[in-house]
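In what follows, chain A forms one complex with chain B and a second complex with chain C.
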Partner chain A sequence: MVDYSWNVIIFQIIFPSMGVTLLMVLCATVLACLLGFCLAIALFWVGKHGLSPNEKCYATLNIVVSFIRSFPFIILAISILPITRFITGSVIGWESALFPLTVAATPFMGRIFENCFKEVSLDLIDAARSFGATNLQIVFKILIPATLPSIVNGGVLSVIQILSLTTIAGTLGAGGIGASALIYGYQSFNDKIMYTLVIVLFVLVLAIQLLGDYVYKRIK
Partner chain B sequence: MKKIVMLLAGVACSMLLFSGCSDDKSKTSATVEKKSITIATTALAMPEVELGIEDLKKRGYEVNIKVLQDATTMCKAIENGEIDVALHPHKPWMDSYNSGNKTDIAMLTPYIHKNTFGLFSKKYTKADEIPDGAKIIIPQDESNMARSLFMMEQLNFIKLKAGVTSPTDLDIESNAKNVKIFKIHVHQVIASLDDADAAFSATLFAVSNKLDPKYQIATSQDADKFGVGFIIANKNKDTKWAKDILASYTTEKVREGINVIYKGSSIPGF
Partner chain C sequence: MITIENLHKRYHDTEVLNSINITIDDGDIYGLIGRSGAGKSTLLRCINGLETFQGGSIVIDGVDIATLHDKSLRELRKNIGMIFQGFSLIDRKTVYENIAIPLECWHIPKPEQKERIEKLLKIVGLESKRDQKARDLSGGQKQRVAIARAMVMNPKILLCDEATSALDPKTTDEILELLLELNKEYGITIIMVTHQMSVIHRMCTKMSILENGHCMVSGDVKEVFLEQPQALQNLVGILECNLPETGINIEVLITDEAVGQQFHSDLSLSLKKPYKLINSSLTHYREGVLSAFVINVSQEDYQDFLDYFDANHLNYKRIERE
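And now, the complex of A and B:
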């Protein structure tokens, strides 16, 4: 075990990995939010009490979502390596880690957003339909505005989930705070670095949560 | 408040009780002759451990095998007395674990096997051909990272700070070839080889990934330092059963078995 000075810990470990972590979380969140949102709309659309119920479609989507969610992240990341290489041209580096992160986070977000949509009163949808609203109008004029606060809440949950996934993405050479905590802390038996980085992660989680709560209050 | 105090008192009492229990156990095990041995290893080294079981049984022991995930778990289990010995970590790893955690787990000698280590590349056939600015993958755990860095220094890619016994990439003093280092989980290094110019890895992982041996372009000269032996609680290292384990695992049968199982990625250590 090497005892690194705070100078080294802050400038050579925390700063560079913080940048990578923030980039990974930001990009993966944007991608997973967009895709998860579409997935949630699709799930709600063909769901039992949805806009255009289709049992077979829903069952298929449902199985796919649950299938991906059942993979432990590290195994998911390893089993889709060839696809990652095909899409990003490499399997190492944080840009390549975005693909497995997005694949893992999308069904998670999709499920959370779907649950938000399910809370909308069916009477409200029926009423809108009786006024002649199309399905798309129902989604954008009723479903989304009515559930925006819970969508924000669910989003915060997902962002923190993605943050914890980035630790494992470090296995693929992505770097980041979590990976540094593992490499320089856990695997090097250096408690000082390990717990310092856990505190850094804690501050990050806290910041995400506070920001989410603030947005929630503003739109509610 | 009262409840919390009661709860804490309860926890403290039960801890006392349990610690009393384990003390009793260790006393009895020291006096009564040991009849059953629990060996831990990884799924990968399982065939190697199986080589000696029969002989150990002939010596009158009941043998239990536990397959565990990693060396840290094995060390914790040894500290708790849940297993007797484990075969997996190598000596430098064990030393750094002991110094990092202030424990004194011993490694029995002679070693059972030694891990060979090398430089792999699909793009170049000699280490000298690797160009400036090359992308190089190294394993991210302490001992394999250290071994990679020492080998990189040997190959004149980098220079390490003087006197560091277990360096990480933060201890690189100068990077003559300006290589870009990617730290990847030890199991994923070979799988990522296509995306880099070269990778350092234990030969073991090249064999388990079915990598053609021709891609190993340099071999580390330090196999003797990286012996893998049975690890054991320090107080048990001189017991009769520990000696019996060693006797059962330093036979010709085990030597031949190791050569067959590991195909040269690990060589017999005795």
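And now, the complex of A and C:
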């Protein structure tokens, strides 16, 4: 076992891997948020009490979402490797990890946002219809403003979920904190590095949660 | 004017509305009353196209609403405000912002928005709450905001679905007062769905009673209460009093307040015959009072009483024990 100095641990292991992790989380969050949001609106739109109910469409979407969500992330990532290679041109590096991360996180976020929309009272939606709002206006002027705090809450949940997925992605060649903890820590029998990285992850999660709570309180 | 003709509405196999015929004139306050599940809300929602129907027609100011789609349907809804039992506001937005939503949807310029909203805030008495979040309002205040929002596109018709059912009696009174004022001030036609008879008494000029999707009775509120049709009795429950077993029971209905007040003294002074007072009730209507008395007279005197009622043009009917 090599005993790395704190200097090395901080500047050569933590900082670079944290950079990669943050980049992955940020990009995957943005992509999954956008797609998840569209998915949630689609689900709500055709849902039973939605804007334009359509049983068949809803059942199809519902099955697809549940299907993807039923995969453990590592299996999902491996089973879509060919598609990942086709799209990103490679299967290693954090950019390639974005694809499986987005595929895994989108249905998760879609479901969370859909549940936010379902909280909106039907009377509120009927009221909007009754003054002549279009379905799109109902989405943007009623649904989203009414549920913004829950959306933020759900978003925070998703970011933390994605953070934990990136550590798994790390073991598949994406790099980042997870990979470092595994390679420099666990596999090198170096508890110092492993637990330091665990603490770093913990601080990251805490920071995301606190930031989310702060935003939630501000907009509530 | 709203003309509903032979309206049929089904959900899957269940007939929810069955050949409904109702005409509502401009400026009326029209009451729709009936038991839970009678189809009141469904009928109301057909009027502004929130529900479709399978047969018959609804014509509003000459336009058959079944012919409207998308844009034209939304234009129609713009002219029909609607308020609900539940509170249908965005809780985290202010009173002002909530009332502004319809204006935003119809792209009304900001200065005009401000003008309209402030005028309405004055009418519904919420000027001081302008920038308060909707969730910090009381039930009655929320309903006032909902009314302001329903009025902000200057509709000609206002649909109210149990608008006061969730409120306490005093707040109910205030909201009804506000609606009456809007009707008087702007000549707006109001359709009230309710299961509270007092709302009908207080507000409505005309009414219909719905029973299992059928319209059993339609007409002037006062006349319906004078005629006491079966549907009305089903609704208010047969006279609560126990009718005596002997003698004959007569119910007298009087619409003239002064005549009602004098009824007993006049009756005893002119006939000088004994009778028992079994039940009496006073109901306050939008215009005037309806007095209802049930008296019990002996077999021998029965004809004398009838002659007296006929001579005085009083509305009466004999009622039998169940």
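Keep in mind that, in the parts below, the second predicted complex is superposed on the first by the 220 of 220 C-alpha atoms of A that agree within 3 Å, B and C clash if a C-alpha of one lies under 4 Å from a C-alpha of the other, contacts with A are read in each partner's own complex, and residues count from 1 in each chain.
Simple rule for what comes next: a residue touches a chain if its C-beta (ideal position, glycine included) is under 8 Å from a C-beta of that chain, and two chains touch if they have at least 3 such contacts.
Predicted, not measured: the structure shown is a model, and the values here were computed from it.
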{"item": "Which of chain B and chain C A:Q209 touches, first, second, both or neither", "value": "neither"}
{"item": "Which superposed partner A:G132 touches (first chain B, second chain C, both, neither)", "value": "second"}
{"item": "Which superposed partner A:I92 touches (first chain B, second chain C, both, neither)", "value": "first"}
{"item": "Chain B versus chain C as contact partner of A:I13, first or second or both or neither", "value": "first"}
{"item": "First (chain B), second (chain C), both or neither touched by A:D123", "value": "second"}
{"item": "Chain A residues within the chain B interface of the complex", "value": "1-2, 4, 8, 12-13, 78, 81, 85, 90-93, 170-173, 175, 179, 182-184, 187-190"}
{"item": "Residue ranges of chain C touching chain A (in the complex, touch as defined)", "value": "45, 48, 50, 74-78, 80-93, 101-102, 104-106, 146, 149-150, 152-153, 159"}
{"item": "In the complex with chain C, residue positions of chain A that touch it", "value": "121, 123-124, 126-134, 137, 141-142, 145-146, 148-149, 219-220"}
{"item": "Residues of chain B touching chain A in the complex", "value": "96-97, 99-101, 135, 137, 140-142, 145, 164, 166-168, 170-171, 182-185, 188, 191-192, 194-196"}
